[in-house]
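In order of appearance the chains are A, B, C, D, E and F, and numbering begins at 1 in each one.
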Amino acid sequence: MSQRVKIGKLAVLLTTLEEEELAPFEKQLEDVDFCLGRAGSMNMQKVISAVETAAKRQQIISEIVYRETHSLYHAILEALEGVTRGQIAIGDMMRTVGLKFAVVRGKPYDRDGEGEWIAVAFYGTIGAPVKGLEHETMGLGINHI
Amino acid sequence: MSQRVKIGKLAVLLTTLEEEELAPFEKQLEDVDFCLGRAGSMNMQKVISAVETAAKRQQIISEIVYRETHSLYHAILEALEGVTRGQIAIGDMMRTVGLKFAVVRGKPYDRDGEGEWIAVAFYGTIGAPVKGLEHETMGLGINHI
Amino acid sequence: MSQRVKIGKLAVLLTTLEEEELAPFEKQLEDVDFCLGRAGSMNMQKVISAVETAAKRQQIISEIVYRETHSLYHAILEALEGVTRGQIAIGDMMRTVGLKFAVVRGKPYDRDGEGEWIAVAFYGTIGAPVKGLEHETMGLGINHI
Amino acid sequence: MSQRVKIGKLAVLLTTLEEEELAPFEKQLEDVDFCLGRAGSMNMQKVISAVETAAKRQQIISEIVYRETHSLYHAILEALEGVTRGQIAIGDMMRTVGLKFAVVRGKPYDRDGEGEWIAVAFYGTIGAPVKGLEHETMGLGINHI
Amino acid sequence: MSQRVKIGKLAVLLTTLEEEELAPFEKQLEDVDFCLGRAGSMNMQKVISAVETAAKRQQIISEIVYRETHSLYHAILEALEGVTRGQIAIGDMMRTVGLKFAVVRGKPYDRDGEGEWIAVAFYGTIGAPVKGLEHETMGLGINHI
Amino acid sequence: MSQRVKIGKLAVLLTTLEEEELAPFEKQLEDVDFCLGRAGSMNMQKVISAVETAAKRQQIISEIVYRETHSLYHAILEALEGVTRGQIAIGDMMRTVGLKFAVVRGKPYDRDGEGEWIAVAFYGTIGAPVKGLEHETMGLGINHI
């Protein structure tokens, strides 16, 4: 892949790696804007809301331009499809998620007309609402912004 | 997460990181069995088949025990839900994928009764069947074996 | 299309056109029974309920014959698939809809054995629960009754 | 099908047949562990919870081994796909279900390496939350345990 | 359930029971029209086609009335959702099905206005295209006709 | 809805109305770029391809900027969800579609930062591959570009 900046890969690493493991990637992270957060819930609405709030508060997207909200929202939904594996309503199905999330904004393509894109990644656990009865899960969504 | 071995995280790193970037994780990889491969196609059947063939040939799962095939198959499907974001038939929708995949088998839990689990990760690109008209995608599926 | 009465097209026009724009179609509307209404909610249950209530109160379908309720219900669900584009649970996903709906009942086919059919159309907006952060959406469902 | 014990068929018969109709199958039922129950709700969470509770209380699965909970959970979800026909969120869509359920655990295969599998069946009605405005529905899910 | 004739239950029994096991239900079967068949394929189109052809040839539905074809088609799709558990495209996903099917037409309700309904049931196996690497599966779809 | 230009409504009217019925909307159409076409097929790939080709050939989107292709592709997929009502693979399910399509590009919002958006609409028939065994269907997808 000849992409200049891999915003998806960076979002994935930001959620899966421990802080010390991230050190080798710090230089690549200088080329993008990003924010990090956590969301733990049985309710997908709260997860979506946590990401939207973090991305706006940390100015990864503009709060007043709808097309940026629209782009982020669809990237979140796509990432949640990975987390819930096709059953986005699964959070309402007696399962709970404990997720770390990252939103990364950058210019992945050399051609200037391609402009900015956004990546949303989740990594954490999904399972019964009982400590230990859970397994890993992750998801990645990407959209033009 | 108190899991002893994070088979999902390792599968994700095996597909997203370059060989030299993987060096810090080599010790963790000693605790699991894994195989790697590539699949590029407009057709999800060929992707599924490539993973099943690699996992059997490299003896990550047994070829003659159906429950292992069944477990791997569902882990692949779940990972593809992430890749296609809820549209597993998308490969048939004028898009093409170029994916690196990893199958990781190990014991993620301390309790011995939990036994072995399997993780399947994909990372690569999805897009129009034209070089450059594509973006990153990934998926992770996990199952007990 | 050789259909005598296009109940789907009429349902679509009833929801998308302003009253004065509908004038040229008044003659076609004489061949069908129809009702109109509005539903605005973050909750798909309320939308379904609003359509069922309107269709029964205005006697487009019979309240006591289950097969008519069954037929209408599936036409509503199909129309909502268009509104939510495959994610019927999306109303529960931090989005809100403001919809105009129409239920049209008529005989679209020349062959008499085909009897009556029902069309449900929605048109309006879907978006963040903030004025202006929304775009147009629509859906059409058709069933035999 | 050369399976020694058809756990799926037995689960289906346990939910569809009246007690006196089940008599001819009593001998086959000696080869498996099973439990029965009922769940009536507009809410899929309650249905899932009813099956999990029954299966644990009657010791069809172990309460403390996550892989058994994981296996049962996915078998329940698969059976609910049949009940809701691809719209697992349908219970939240102004419909109510009245279901009999069965969980059957046994060894369907001759090869010993295949070990134990679990089947979950539902049979009952789905419809408007009004007596009589409903039709039959069923679902079957099967998983290795 | 106060239904006079349980067309869904009869369709399920016709596909799951052996001929000798069906004897106790012969009297109930006199109240309905039904046909039976088999379909084995990796391709869902062939399964749909086999059921449509059988139901028309054995005059369970009329070949020339579209509303009957429409009703049967949706009942088949709903039953296949149970077979494939939400992934109707799964037949194209390196899996093969070997299914027995039944189409049952009758009057399940006491109220005469409810008229005739149709039930489609499938029972058989789904799995890898290798003998023995498969498990049971079933599905039931019901529609007014 | 306070949108300046309703690109979704215009796309819907372009596909549902006859040429003479479109006359009253000609002035509104001056504010947008659009193209029209037809696609008839049992195969969704061909439908997607027909829309992409028309939109590029008539310069509604740029052939060499990936973000425009990406935006159009997702708008097409969303519109097809409406056409197939949640079963995008349905075209492969023994059904055939005969569709008129419109792609409309414009600036729906007053705020200048919102820029251009794209709407894709389909209207036509879906049914058995036999003349007359079909009913109306439509879909609308909207995306920022």
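Things to note:
Everything that follows uses one rule, which is that a contact is a pair of C-beta atoms (placed from the backbone, for glycine too) under 8 Å apart; a residue touches a chain by one contact, two chains touch by 3 or more.
Bear in mind that the values here come from a model prediction, so they are computed numbers and not experimental data.
Homomeric contact chain E/chain F: same residue numbering on both sides for under half of the interface positions.
To fit its Cα atoms onto chain F, chain D must turn through 180 degrees, a value rounded to the nearest 5. Comparing mean CA positions across the assembly, the chain most remote from chain C is B. Among the remaining chains, the Cα-based centre furthest from that of chain F is the centre of D. With each centre defined as the average position of its C-alpha atoms, the distance from chain C to chain F rounds to 19 Å. Chain C and chain E, compared by their mean Cα positions, are separated by 30 Å.
Our note on geometry: chain A versus chain D, Cα centroid distance of 36 Å, whole angstroms.
For chain E, residues touching at least two other chains, in rising order: 66, 70, 77, 86, 88-89, 92, 109, 111, 117, 132, 134-135. The touching residues of chain F, counted against chain A in their complex, run 62, 64-67, 70-71, 74, 109, 111, 113-115, 117, 144.
Contact residues of chain E toward chain F in the complex are 44-45, 48-49, 52, 66, 69-70, 73, 77, 88-89, 92.
Residue ranges on chain E touching chain B, taken from their complex, read 87, 89, 92-95, 127-128, 132-135. Put simply, chain B touches chain A in their complex at residues 1-3, 6-9, 12-13, 16, 21, 24, 77-78, 81-83, 85-86, 88, 98, 108-109, 111, 117, 119, 123-125, 132, 134-142.
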